[in-house]
Amino acid sequence: MLALLLILIPLVTGVAAFFIKNEKVVKSWALLSAVVALGISLATLYYTDTTHLTFTKEWLPDLGSSFSVGLDGMGKMLTLLTAIAFPIIFISTKHSTYKDANQFYGLMLLSQAGLMGVFLSTDLLLFYFFWELALVPAYFLCSKWGGEKRISVTFKFFIYTFLGSLIMLIGILYLYILNPEKSFALQSIYKMTLNNRAQDILFWMFFLAFAIKMPIFPFHTWQPDTYEQSPTATTMVLSGIMVKMGLFAVVRWLLPVFPHAARGFDNIIIGLSVTGMIYASCIAIVQDDLKRLVAYSSIAHIGLMSAALFAGKANGVQGVMVQMFNHGINIIGLWIVIELTERQFGTRKMSELGGLAQKAPALAILLVIVALANVALPLTNGFVGEFLMFTGLYQFNVWYTVVAGLSIILAAIYTLNMIQKVFYGNTNALTEQAVDIRLNEKLVLSVLVILIFAMGVYPKPIIELTQASVNSLVSVFK
Amino acid sequence: MSNILEYIWLVPLFPLIGFLINGLGRNYLSKTFVSIIGCGVLLASFAASVYFFMSVKSGNSEVVHLFDFISTNSINIPFEFQADALSSLFLLIITGVGFLIHLYSTAYMHEESSTHFARYFAYLNLFVFSMLLLVLGGNYVIMFIGWEGVGLCSYLLIGYWFKNTDYNNAAKKAFIMNRIGDLGFLLAVFWMIQQFNSVSFGEVFAKSPQASVAVLTGITLLLFVGATGKSAQIPLYTWLPDAMAGPTPVSALIHAATMVTAGIYMIARSNVMYTLAPTTQTVVAVVGLATAIFAATIAIKQNDIKKVLAYSTVSQLGYMFLGLGVGAYTGAVFHVMTHAFFKALLFLGAGSVIHAMHHEQDIRNMGGLRKKLPITHLTFLLGCIAIAGIPPFSGFFSKDEILAAAYEANPVYWIIGVAGAMMTAFYMFRLYATTFLGSFRGTQEKEHHLHESPAAMTIPLIVLAILAVVGGFVGIPKVFAENAHSLEHFLSPIFAQSEELVKKEHALDHTKEIGLMAASVILALIAISYALNRFSKKPELKEAEGFGKILANKLYVDEMYDAIIGKPLKAISAFFNNVIEKAGIDGFVNGIGDGVQYASRQLRLLQSGQVGSYILLMVIGIIILFIIQLFVQ
Amino acid sequence: MPINYYIFLALALFCIGVAGVLTRRNAIIIFMCIELMLNAVNLLLVAFSKMHHLDVMQTNPATTVGTDAQLFVFFIMVVAAAEVSVGLAIIVMMYRNTHSIDINFLNRLKH
Amino acid sequence: MNVTEILFWILSALAIGSALMVLLSKNPVHSVLWLIMVFFAISGHYILLNAQFLFIVNLIVYAGAIMVLFLFVIMLMNLNTDTEPQKNKWLRLAGVVAGGCLMLVFVAAFREAEIQRQQANAAVRLVQMGEGNIGLIENLGKALFHEYVLPFEISSVLFLSAMVGAVVIGKKGD
Amino acid sequence: MNVIVLSAVWGVVMMFSGLFIADKSKAKVVAAIGLIVLLVGNYFDLHHQSFTLSDFNGLLHVDSFGLIFTSIALVSTLLYLLLTGSEMEKVGNHIFEYWALIFFVLCGVALVAVYNNFLMLFLGIEIISIPLYILTGADKRNLKSNEGSLKYFLMGSFSTGIMLMGIAFIYGARGTFALEMPPITTTHLPVMIAIGLTFLAIALSFKVSAAPFHFWTPDVYDGAPTVFTSFMATVVKAAGFIAFVRLFEVSFGGMTDYWQFTIALIIVTTLVVGNITAVFQQSIKRMLAYSSIAQAGFMLFAVYAVNALAKEGILLYAAAYCLATIGIFAVLVKMKDYTFEGFNGLAKQQPLVAFLTTIFLLSLAGIPLTAGFLAKYYMVASAMKSGTYIWLLLIAMLSAAVSVYYYFRVIQAMYFKQGDAAASDITPTFKVVLAITAGLIILLGIFPNSLLLDWFHLF
């Protein structure tokens, strides 16, 4: 039942938000809804019984699909991430003004509902529903409140990801046809034994959709543009949570269902991921726009996660679990900083900024911490995940690790460049009048920083939360 | 009752508390309070260290399990501390020297505004915390935490004056070069996990003898890559001279006494693996020796007081690696200790000079400071003598132990080593003479303002000077007195396993050893006297020429790196960004869109508006369908 | 008569009708060609009707098999008549507006 | 070759020839007349097939009423000239070629079927000529008002709509 | 069967009420009453209560498939009437006649939904076609309307000829016009059946505007008065599909191996031509014409698959497609400017209308939670169930992605572009009916079973 609430609350409040005309009220409304969702999400951590964590209702009997949602460790972790992210986003954007705020917050909540649904569904067709449902509000958010080139850019984003989803849809159907039980239920699909040829074909159909969503090189080109053009609140959702959809889907729907194909194509995918890591890191070095820089850095991080996932070693997969959460936290932190910077100076160009550390020390410190977590400095949350992922990748193949490891260095280069260009050095005409961040922003960032350190020093809870998921996944590879 | 060493976590806890107080309260605390906190936590830490040291000295040692850090089904990496001889010795050095430098800093940094002052102390405390983690860590991952932590603090402190772009660049360079090394370290850790399924020292070392030599060579080489980054060895040494951009006490603490010796600590800690991998040992020795001589050569032509010391540090670190490479682990650790004393002393002395000179660092503008800064002068001189290896100063004993071991391994090592030692003596006394002897070469105004530093600065100088003088006596070689090498005795449990594996006999007889000592001392003395003669009278003020110029430009290594790595990286990045990303992948994606648009434009021309052509097309369609239906299938 | 003769004849007429539709520009002539096609169909249907009738009659002389096809032809004529009335009305309307029934001038709607 | 066969060939040749003339005549009125010729020929075939009712209907409805309507409209539009602008030569050629190809495809298909039939030694399917009473009005009438009363009624809807349509389209003034 | 009779009768009623009712705007009311009567009649039919004779000599086969479709057609027409009915007054004076013609068309629609004999198919299609030729040309002064009408007529008659040829050959092969055909036992399809089948496939492809027999569609849809385009593009087109599916299921269902490839080719051509050509259109009306071609490509999957899933699917698709398209046309007809630019900034002027239009567009694009998604899903699923041409499905998905391009251009224009879209007389009633239409789409997208498909098993 709790699982159902996690979807319903943002859905209902989201729809309701459209009818609240007062901007202040709608902001509070959205925040309230997000906080309630967070509370429920926290409550799910407490329960382990299925009555609280699952919900099933007959839905499309002809098609063998039912409305069934449920939470396992990984699901809890990702819904928690989603539930944490939204209040943070709402608080941090409290001072941003959005035209038609009711629509903005309504759509944000709807996208939350979609995301929750993706993480919760235990029915493949339902999963597909939510998969798309998360995309549509994002499209509107980006297109309406985005930057100058928003229309064409988000359009590309939409068609690109939609195409991937459609191909997955064929795969879903094909899988259904092959399923003797004629059911979309997770358990039923897990029970299937597919022949190798079917696995190979289906694997790519599914993987393409997930690869575009994550995104993995070379399917990533929608991403920097979209991140750049979207309103930052949406970018947070996109990069903090939505990319996790791809990874989550790989864990939930790809690897356990097509184990043979996953093993067969592991080198190709890891190769792509690792290439992407280096490639994206290199590109990040020459970016001038903060958002693009973070976007490319995200591609590099996702590349590592994907590589570790397909390596299929227990450590690596565990690392991915940890990192899914942590990357979400970190990148949201980065976006908040960028949002704050942009709101104040109206630019994201690093070449136009500088010397902010003098004027806004709190912002600078918080950014440095988040940025360092992003480059996986030990004792920050980024380290635990990356360490485990590299360990897993190493067990798979040394050379991938060596090449992927270069990204550690490259990440340091672009991150430090960013810190230096934005925060250090002397102020210029633009940044002369800078003021430090407000209390609510400090609060939000502090929460993130506390999470960063808490997860970095004592990652055990999250490891234990996801351990069962890891075990079942790794057993697939054996 | 549980072991008292269970409480060893107190040692790093104090600086952490100091960091938190100073860091969070930087806008509210007064400078005095910050100083008290900053120094106080170190003092407390030092006191605790002494206490634990005593406990260890009486044969105690313990692996302290604090909590589970990364513990999955397949691997368990606890947060554990290793309290034993090696770490307790390092604790002493770090907290002791650290305290002195903190104390020194209260005066040195007094001009900073209180916010920045607090920030400075927060960073310093954080650094000490990280360094303590590094040496206390009971496994490679905890060590790595400290390892990266000190790199970070180094970065923060080098770039402390963040308004200056050059400083920032130096800080960035330090961090990135460290990261290159860290990658090696990490790969080694991954390898260890794969090989031993553990990263805890005890387990790894216990399992090492069973591992193949190739694996151990690989792991140790990768670890050594990490060490070259942190300890500024060829090829990753160039960040250290640049790191002099930071405040001088920082240079003293981080870039001379503690952080840069992390590599030595790590290898000494991993001595079992290194002993089992002779190839790596050779590599370590050769790299160490090469760095020693290479950096010494460059140091000869440097005119910045801190740069000379920086290259000297690089060079001395090279000696330490030489020691590690030839199996003289105790010697290397011994040299770490003495080096911490005299190099910290020299840096602080240099800081005192810079303080007096109002941030003038070029020795060509100094001279004759002997009278104005008597305490500084005297302590600096003692430091110079110590580093030059003149008995009975500390540097003599430690350096000699390394050189003796090097001779045993290969006499060529010794010859080159001694040549380096000679150069060390030469450039140190060149520095000394140019700075303190002769007459003042700066402006009148500057001369007028020259003054001895306050007590907070001179006391550390004096203490360190005493240590630099007498520090060597903990390791008196057997030649002079049997069993007088108390350090060796103290550290023996750490290296016992290695000793057992090698079981080498001391081939060097005592006469020969004394002969070698004498030779090195005499050569050093010759170099000293030449330097004193040459530079106290007419210091080299003009620009260097010829080979000297190449040396003065640090052999153009930075430029070379830029040409080999920096520029290609930028070019590749730009290529990726502009060509592959924009024209290639994105071009392809957009091309599909454009293709559809183009197809649309063309295809709609079929819709010509002419019924005749419509029907014609339909009939053609009919014919094709019939052909397919009737004949193809 | 073998049925193939009728089939070929009907198809020939049909194809001539198609060719006529394709080659002429006058809307009325095109329409006439379509009528030609319909007549080809009619002929074919009647032929088939008699073919099936013959088949069955050998076993059952009183059969009425084949009646349906002839009725179908009747309905085709009915529909054709209705179609002609509407079609010619449209052509006339067109002619009233443009004074032409040349289909080549029908190109306001395109692309 | 009996009379029926001779008549079949003559009528067939007449039908095809007249049909071709419909295409080839430049003057629309001539086309109409040639088309009437075709209808006559086809009606002749109906006679041969003993489809008397259809023969009559074809003559009255088609050749009589419908063609007269055509003729009437052509006259109304004053198209009684040879000046119909010709289509583009290539398009005309394409039209003829397309029609020919279509014919070719069918001929080929039936040739193939014929070969298969011969291989299978199956009998040639014949058409009943000149006898049989299904084409008589009595038989057809019965069927029409028994089994086929539904389409018969429904065709009235068709006529109604055609009627309404003619009014809507043809009525002047709006 | 009730509907066939009632619609013909009500057509006559409409004609005569034109004589007695002077107020043209009352036509709508009479028509609405008629539609409700038809719906009631159909409801009774669904419960096996035919007002008239139930023995059709095998000419009709009244089943749930046909009757549910008839209901869909009637409900769509009713919504169409409520949304766009009053726009008819702008076309010309003969409102009552227009409605009469629409009722005749409905008669044809009801006929092709339940036919069981080629004769009835032929008659049904003609009854649908002839009034449409007229309605296309209803705007007599408008040369485009004239032109569309003539084009439609010429090509329509041509296709009639083709269909008749097909029927003739099928008859030649079998000696009966009944629809059921025994499965083929020989290795080759008999040549006459092959030819007949292909001719019929071509003729019906023409009716449902599948490429390469689609050429009439854009011109006719564009030329016809928009009110009638709306009707033509939805109810009539869906009826074509029902006829198509019925024919291929009952007659040729036993020989799928012999023609699936042909249909697959038609599907691919249709999807590619429809979607790609739609991309470059500037007029939304014309874009919708091409989009209807593209949608036809999807609906053809039901013909391709001819299984139970396909039949359910085509019903759902028909409902989804009719509702969404009627909705969009209802909005379009209110607009001054039919180009994409004409919609710029509509969300500002008419937020609700823009939002509902968005739902229609999303449904057409096949985004989940709308009926359009499930419809497409059923189509693909049925195709997958019956055949193994996976490339066909891939092309379908690629073209669905392309279709997003042109549907979303409208959304972009409404929401993200500046402009002053001018929409005239949007009444509250209009909004309510539009909202009901959109609501139906959403409900169908979430609960297709209880709303529509469960009826299927009733019969």
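Just so it is clear, A, B, C, D and E label the chains in written order, and each chain counts residues from 1 on its own.
Methods note: a contact is a pair of C-beta atoms (placed from the backbone, for glycine too) under 8 Å apart; a residue touches a chain by one contact, two chains touch by 3 or more.
These figures come from a predicted structure and were not determined experimentally.
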item	value
Where chain B and chain C overlap in contact partners, by chain label	D, E
Longest centre-to-centre distance from chain C, chain (CA-based)	B
Centre-most chain, if every chain is reduced to its averaged C-alpha atoms	A
Cα-centroid distance, chain D relative to chain E, in whole angstrom	32
Length of the line joining the C-alpha centres of chain B and chain E, rounded to whole Å	77
Euclidean distance of C-alpha centroids - chain C vs chain D, Å	5
Rounded Å distance, chain A centre to chain D centre (Cα mean)	70
Shared-contact residues (touching 2 or more other chains) in chain E	119, 123, 126, 130, 133-134, 137, 140, 150-151, 154, 158, 162, 191, 194-195, 218-219, 405
Per-residue multi-chain contacts in chain C, two or more chains	3, 7, 17-18, 21-22, 25, 30-31, 51, 55, 65-66, 68, 71, 75, 79, 82-83, 86, 90-91, 93, 103-104, 106, 108-110
Multi-partner residues of chain B (at least 2 other chains)	604, 607, 609, 611-612, 615-616, 619-620, 622, 626, 630
Chain pairs in mutual contact under the definition given at the outset	A-B, A-E, B-C, B-D, B-E, C-D, C-E, D-E
Residues on chain C engaged by chain B in the complex (per definition of touch)	18, 21-22, 25, 30, 103-104, 106-111
Complex contacts: residues of chain A adjacent to chain B	156, 159-160, 218, 220-222, 279, 282-283, 285-287, 313-315, 318, 355, 357-358, 361, 372, 377-379, 383-384, 387-388, 390-391, 394-395, 398, 401-402, 405-406, 408-409, 412-413, 416-417, 420, 423-426, 457-460, 463, 467, 470-471
Contact set on chain A toward chain E in their complex	60-63, 128-129, 132-133, 136, 140, 143-144, 150-151, 155, 158-159, 162-163, 166-167, 169-170, 173-174, 176-177, 201
Residues of chain B defined as touching chain E within the complex	596-597, 599-601, 603-604, 606-607, 609, 611, 614-615, 617-618, 620-622, 625-626, 628-630, 633
Contact footprint of chain A on chain E as seen in their complex	309, 312, 362, 367-369, 373, 377, 380-381, 384-385, 390, 393-394, 397-398, 400-401, 404-405, 408, 412, 415-417, 448-449, 453
